[in-house]
Structure formats: structure tokens, C-alpha cells
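Shared between the two complexes below is chain A, which pairs with chain B and chain C, respectively.
Moving on to the complex of A and B:
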């Protein structure tokens, strides 16, 4: 586990990061700005999953369920009922949280690979609904033309630059909350559960309750990412809840390094960049993705942040 | 009033009777040693006392309350702590973080989501003091997986003690230790406060006879003898099936 960075370094990194993120819309073309927004949204999605797999040690293969159902809910409310973002976004997040609570009640009865399979099955049920209930979800075609949010402010979020700032702000708040949660006594207990559930029970922790809350929180933050994504794309399709999406977020976390929050965010950025680059040359994106997964598994089992940490440790000889 | 009462407890795994009709009563502050050959059911008994396994029959009463069907964490909250035969620490956390988890369990802040760990000064101080009192300050910042086996066994006992238990179950705390380490861990157990009731499984006869107020002997899932040191030492049945085998 990485130790905390000294606060000076943290402050310096924050200042640089904030400056760059404020300046980006003036440095990038709209196409690349859109790509950056996608990276930021998936960074939040990957961090939400890290709470589950990296901190609590629960490997799910259905995390897209909460991302997707929030996207559908927000999209439908904005499209059919013309709810504005102040209502549609919280409603989407709430529905993700409720879904995570229901699925959690079922999935948390199992552990390990059984837990993984139940989460997979539950998310595929949602996919089946999204695919089959054409009158509500548009089926395979999805829901096009979801309007960009209108905050009732003088400038419109239909423009890419204000929308970018909107996403940066929401994801920033989400990230701060996640950092806070993992550095709380609750977050410490989650790491304890990852390390030894039996010991945690013997110490007097109601392990189920901790796992349940972690599961719901992870689903809630995934839902927040899903709401933003539907506003970015102005579109939602069954692919949002599909197992491939769940596998992709898993890969982002593994690629970056589970249990660090920062790692999965980096993993998400790299993933989106790779996908964009590779898929402009070849159709075989998924195959290359598999290759990346194998290489990371073989040469960087703790993800890229783990690899960098090991290299630094070796250089300083500690 | 006995601190812990076990009434006719049984446990079978499939067709195997791991424990049948075991009854015992442990008095406040007592040091009760549980001995018996491999497969006698000692750890099974502990697993049922701590709630890790359900009983197949019988009752367990802790501090006048029937805990037979309570989940493990509820028993822990009542003051029942246990250590593990196979070291069960949090390997990737530091020794200090291990102790903090044990202390935090009983703290009001355990379920705080938005409070910083760093704000729990009182827990850091208590954890530091606890490690200091056992002479383990030097390894406080090492990952639990990286410390020596002897140190792991000590940290295992410290996690139990950090809960400030009324009853402490020690499952072979000296297993696999060198002679010097055994002396150290036995000294540690000797120095535990007398108001803590201790049940301890032990393979080493010398250690068992040194620490025990009373000894319970299990054999093939049955309780075959119980008494003070002399009674057990002079019990022909015990000598035959257990001590005689040495």
C-alpha cells in the first residue's frame, strides 16, 4: 500500500491539476475535449468500482448495471418528462442506489466466484430488459437525442466548454467524497474485510453491513458517472448495462492498480485513450484489450501504479 | 455465576461427529486449558464458542446470556475475543493498522464514513501504547505479512487483547514457535489481567500445566476428563490415550 504523500506535494499536484483542467477547453479541439470528458466520467466509474474490488475485495462482473440504469433513468426522465438536470440527475443516481441495494441483498449472500456470477446474472437481467422492452427503452436502438442539461444559467451546457466544466465539477466533488470515504474508519474497516473477513467478525464487525454499504455506495457513484455519460453522448443504449461494459471497468481498475483510487482513474484515462487510438486503425479492439489484460497480469499484477511504485522503490533501494 | 457455560454441545460435519455432548463451565478469571490429541475437536469447540460455526445441538451461555444463535460479531461485542490457530492477521496492513482495526471495532466512530482516520487520535495513542507495552513498537509500521512468525503470533494475541475482552479464547498461541519465542508468548499470557477469563488450546504439555487453573481433556470429540493439574496428571485414562502416547 502506498503511504500518504506529503501535503506539499499534494498541494502542488492539485494546483497543477486544477490549472490544467481549467485551461483544457482552450487547448483542445472539441473532438478531443469530448474525449477528455469521457475519460473523466470513466475515471469516476472506475473509482466507484475500486471501492468494491480494490478496497473491500469483492469482485463483481455487473458494475455496469448501476452505471447503465442511472443513464437510462436520467435519459428517459429528460427525454419523456422533460425533467431538468436538477431533478433528472439526482433521480438517476437514486435509482442506481436503490438498484444496488436490491441487487446487494441478493448478491451479498454469496462470496468469491459465486458473488461474481450473481452480479453478472443480475446485470444481464437489466440488459435483457433494456434490449427487450422496446416501448420504454427503444430496444437495440436505444434512446437518441437526450437533451444536454440546462442549468437555467445564462450560458448553455449544450456547448462543449461549459459542459466540460460541469463534468469536472461533479466528478471533482465525487472524487473528494470517495477519497474521504476510503480514508475514514469505515474505509479502514473495508480494507480489513478485504484482508480477512473471519478476523473482522471475531473483532466484532458486522461484516455484512459494511459490505452492503460499500456495495450501495459503489453503485451510487457508478450511477453518477452513468448520468453524466448520457448527457455527454446524448444517447443511451443497452451497451451501457452490458457485461462488456462491466468487464471494461474491471480492466480499467486492474490496469491502473486496484485499491488506490488514483490508479483506477489513470487506468480509465489510458483505457479510453487506447480504445480511441486503436479503434481508429482496426476493428479488433476487444482482441487487443485481451492482450493488454494478459500483459498487465503477467508484468504488472499491481497495475501501472504498482509498477511505478516498485520501480521507484528499486531506484531508491528501499 | 460461571462466565462461560457450555451445555451438551455437539457438532457433526456430514456424517463425522466432531464433537459430542461436551459440557463445561468456566469461572470468572479462570485459566482453562483445553488439551487433547489432533482431531479431538478443540478448534471445533472454539469455532462454536466464537460463532464461526453453528452448533448441531446444545447451548452456549456467556455472562448469563444464551449466545448459541448469536452471530460472531455480537459475541465479540459482549466481550468474547479469540485468536486463531492459523495466524489470521490483515497481511497487507501495517501492524499498527492491524491494532487500530481491533480498537476501532468497539469505538463509536467505527461506522463513520466521512470522518478522517487521522481524527481518531485516541485510537492511535491507544494502539501505540499497546504495541509499546509488548515491546513491538519497532515493527509498528511494517506490513503484517513481513514480520517474523513469532511476531505474528504475538500480534494475533494483541488483537484479541485490544478488544478489552472479558473472555479470551487462545487457539494454540505457541504453535510452531521456537523455545525462546514460547517463553516470550507464555510470559505475555501470564501477564494478562486476572479478571480476563482465558480458555486456551495447547499442544505443549509443559506450557499447559504451567498456565492452567483447570484442564479439560478432549478425545475424539468427547470430554474425557476435567480437573486441576494434579487430577489430570494422575488420571489413568488421560495417561493412556494422551500423555502415554508421547
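Moving on to the complex of A and C:
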């Protein structure tokens, strides 16, 4: 393990990262800027899931539920009630948190394979509602023409560049909060639960409560990502809640290396890039995606970082 | 009155198909401890292979046999080549079975297109029959009878045969079973193949009623999960009870609240989870 970076290095890295992110709109075409925004949003989504799977050791197969329900809530509020972003976005996040709390109450009664099944089943029920309740959700067609947020500022977020800064700002704040959470005593307790629940129980921790809070927090941040994604695409469809979406965020986290927060963010960037590249060549994206799952499952279940580490270890013979 | 009787029969016949599916899920989980996310794909591929056979030979019986056996073969390959290296490793198992779910799902669209297809009923059960005041499609009654026969056979297999005794030994204590000279490795493959066989059987048998269409794999996987959440993983009784319950609820849900069809199975799942998180007949 490497120790913490010296603060000078950290400061230098942050300055470079911030400058690059500020300059990007002037370096990229609108199309690629949109792609970058998508990457950033999915990075937040993947980090939210990492809190659950990487830090607490709870693999859920229904994390898209919170992403999707927040997206629907924000989309509907913005579209039907014409709520502005100051109201619609927090409302979407709140609904994701409430949903995560309700689902958490049910799913956390079980563990292991039951937990997997229950989270998948609960999220698919939401998908069923999104698909079936045509009068509210538009069914299969989804909700088109969700307006871009209007902050009441002199420049409009309907333009790609200000919207990019808006997303960078929100995801930046979200990331800082997530870093704060995982490095707090609470975050350390979560890692303790991941390693050994019984030990944490013996130490007097209320394990259930920690898991529940982690579950709700993960859902809340996923919801934030979902809200941003509606504003990016200006569109919601049942695909946002579908199990394929849950599986995709799982792959992002596993690819990047669970339990590192930044790994999953990189996994998300990689995933979105891969998806974009492959989809432009072939319609068989789902099949190739399946192949990636099989390959990752076979050869890199600890992610690309784990794979590299294994290869290095083998070479040095340690 | 007629309406209720017919709808209840519809629900039970669908429940029998769900039983076939959930029994396989349960058997596989019970012994191999794998949550098989590819299970819905076995159902779907079974349906499609069955269709191909029906179109080629005109024989429904051949469709059932070849469809189920072909998918059992896929199951054997999946277990032998891929899953067995990751015994008791949850994450690789989830990734692999997810991967195959996606691959098969897209493969089916590539091969058979995105349009729903209908499977002709077997000639013997092509018409409706009259029982007292009710007229009812005989094929659905046949499915109910068939499901009961399969349930009885599975129960006999598990409780009354040497093979079943070996499975039970493997479920209870794998290490000891191995030490006693039971070929657990072979048992794993056979049970996985049997699970795939049952799911595909459901797919072919369900074809004449529900058709064969893209997306059925995800839909049926969800219903299968709900059945085992309610009935309990690893329990045949649970698969039957859960299957019938979910079949009935799903049917009435679709009749009364078409917009919230999935919500009607959600409610009982919540109740069961609140009262018995391991399902009606599950064990911890």
C-alpha cells in the first residue's frame, strides 16, 4: 500500500485537474463535451455504488432503481409542474433517498444471494411501473423534452458549456462528500463490516444501522446522478431503471476496482467511452457487453487494477 | 362466477410454468450456491429452439424434447467450462451469469428478430373443452396436469432415489459428501443441466400461451426470483407454493390493474420479506 500523498503533490494534482476541467469546453466539440458530461455523471453513479459494494461489501443488483426513480421524479416535476432545478433536483434526490430507505428496510433483512435477488426484484418492479403506467411515465416511449435547468442566472444552462460547468460543480461537491464519508469513522466502520460483520457486532456496533445508512446514502448519490442525467439527455425512459443499467454500474465499479472510489469513477469513464465507440460500429452492443462481463468475471473479478497487480506480482514472483 | 373460475385456472397454469422455472433456480442454488441470472435466458432459448423444431417437424413433443435437451446441453457447457472454477465466489458468478444473460438476449434478437412469435398448440390440445358449465382451453389444463406430474417426479427424484440422496447430501455438507465418495463435481453439472432443462421446458410449454418474444428472459427471471423469494431458495415445496401464488397474483394483476401489473406481485413479496426473510419454506 502507498501512504497518503504529500500535500504539495495533492495540491498540484488538484490544480491540474481543475484547470483541465475548466478548459475542456474550449478544447472539445459539443458532441464530445456531451460525452464527457455523461462520463462525469456516471462516475458519480459508480462512486455511489462503490459505497455500497466496495466499502460495505453489499452487492446489489438493483442500484439503477434510485438513479432511475430520481430521473423520473425530476423529469416529471420539470415537465409537468414546471418546477425549476432548485426544486426539481432536490425533490428527485429526496425521492431516491426515500425509495432507498424503503427498499433498504426490505432488502437488509436478507443477505448474500437473497439480497441480490431482492434488490433486483425491487428495482424491476419500478421498471414495470415505469413501463406500464403510460399515463404518467409515457411507458416505453419515456418522457421527452425535459427542459435543461434554468438557474435564473444571466447565462442559460441550455447551452452545453454552462451546463458542463454545472455538472462538474455538482459532481465535484458530491465527490468531496463521498470522500468525506468514506474517510470518516463511519466509513471505517463500513469497511469493518465488509471484513467481518460478526467482529463489528462483537465490538458493539449496530451493524444493521450502519448498513442501512450506507444503503440510503448510496441510493441518494445515485439519485443525484440520475437527476443530472435527465437534464443532460432531456429525456427519461424505462431503460434508466432497468436491470441492464444496474448491471452496467456494477461493471463500472468492478472494472475500476471496488472500494477505491476513484477506481469506479475511472471504470465509468472507460465504460462510457467503450460503449460510445462500440455502438458506433455495431448494433450488437449488448452481446459485446455480455462478452466483457464474461471476460472480466473470468480474468479480472478484482478489476483492471487487480489484474495489473496480479500480473506484476507474478512477474516479480512474489 | 365463470370469470373467476377461468381466471383462477389461468393463474394456476401460469403458476405451473413459474414452478418449472423456480424449481430449477432453487435446485441449482441449493447445491451449487449459484444465483443463476441466466435462468430466464434458458426459458427464452428453450422457446426459440422449440419454435424451430415445430416449424421443421410439426411435432410439439419433439419441440419439447429437443428444446429442453439443447438448453440442458448449454447448461452443461456453462457449468463445466465457466462456472465451476468460481465455486462459492459470488462476484465472478454474478458477472458470468449476467454476461450470458446479455449474450443470449442479443443472440436471440440476432437469430429470430425482435418481433414476438407464436408457437402453435399441440394438435391434441388445440381446442377447448367443456367441464360442466365452463368452456376452457384444454392446453392450459394440460399444463396444470403436466406441472403436477413434474412436481411429483422431482419430489420422487429428490426423496426417493439414490441421485436425490446424493444431492441432499451435497446440499447439507459438501465436504463430507465428497469424503464419502460421492462425485459432487458430476452432481454439480447434472443439477445445473437439470435446472436449465426445467427452465427450457417452461419456455417451450409456455410458448403456445404467451408466445416467444425478446425481453421474456428478463421478465421471467424477475418472476422466478419473486417466486423463490416468496417460497424460499432451495425448496421444492417453496417453488410450487410460490409459483402458484405468483402465477395467480400476476394474472389477476394484469386483469384488474394492467398499468401496475408488477405491483401486485410486489405486495406479497414485501409481506413475506417483513415476516420471513428467507421465504415460506427456505432455510437460513
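Quick note on the criterion: the second predicted complex is superposed on the first by the 293 of 318 C-alpha atoms of A that agree within 3 Å, B and C clash if a C-alpha of one lies under 4 Å from a C-alpha of the other, contacts with A are read in each partner's own complex, and residues count from 1 in each chain.
Just so it is clear, a contact is a pair of C-beta atoms (placed from the backbone, for glycine too) under 8 Å apart; a residue touches a chain by one contact, two chains touch by 3 or more.
Everything quoted here is computed from the prediction, not taken from an experiment.
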Check your understanding: With both structures lined up on chain A, is it a clash or a fit for chain B and chain C?
Key -> fit
Review point. First (chain B), second (chain C), both or neither: which does A:293 touch?
Key: second
Review point. When the two structures are overlaid on chain A, which partner does A:80 contact: first (chain B), second (chain C), both, or neither?
Key: neither
Practice item. For A:61, decide between first (touching chain B), second (touching chain C), both and neither. Key: second
Review point. How many degrees apart are chain B and chain C as seen from chain A, counting from C-alpha centres and rounding to the nearest 10?
Key: 80
Point to revise | chain B versus chain C as contact partner of A:128, first or second or both or neither | key: second
Check your understanding: When both complexes are superposed, which of chain B and chain C contacts more residues belonging to chain A?
Key -> C
Check your understanding: Can A:196 be said to touch chain B (first), chain C (second), both, or neither?
Key -> first
Practice item. With both complexes overlaid on chain A, what's the closest CA-to-CA approach of chain B to chain C, in Å? Key: 11
**Study point:** Complex contact set, residues of chain B against chain A
**Key:** 50-52, 71-73, 76-77, 81-82, 84, 88-93, 97, 100-102, 104-107, 109-118, 120, 143, 159, 163
Point to revise | List of chain A residues in touch with chain B within their complex | key: 1, 177, 180-181, 183-189, 191-192, 195-196, 198-207, 209-210, 213
**Study point:** Contact set on chain C toward chain A in their complex
**Key:** 29, 33, 35, 37, 82, 85-86, 89-96, 98-107, 110, 218, 222, 225-226, 228-229, 233, 258-263, 265-266, 269-270, 273-274, 277-278
Practice item. Name, in rising order, each residue of chain A that touches chain C in their complex. Key: 59, 61, 106, 109-110, 112-114, 116-118, 120-122, 124-125, 127-129, 132-135, 242-244, 247, 250-251, 254, 284-287, 289-298, 301
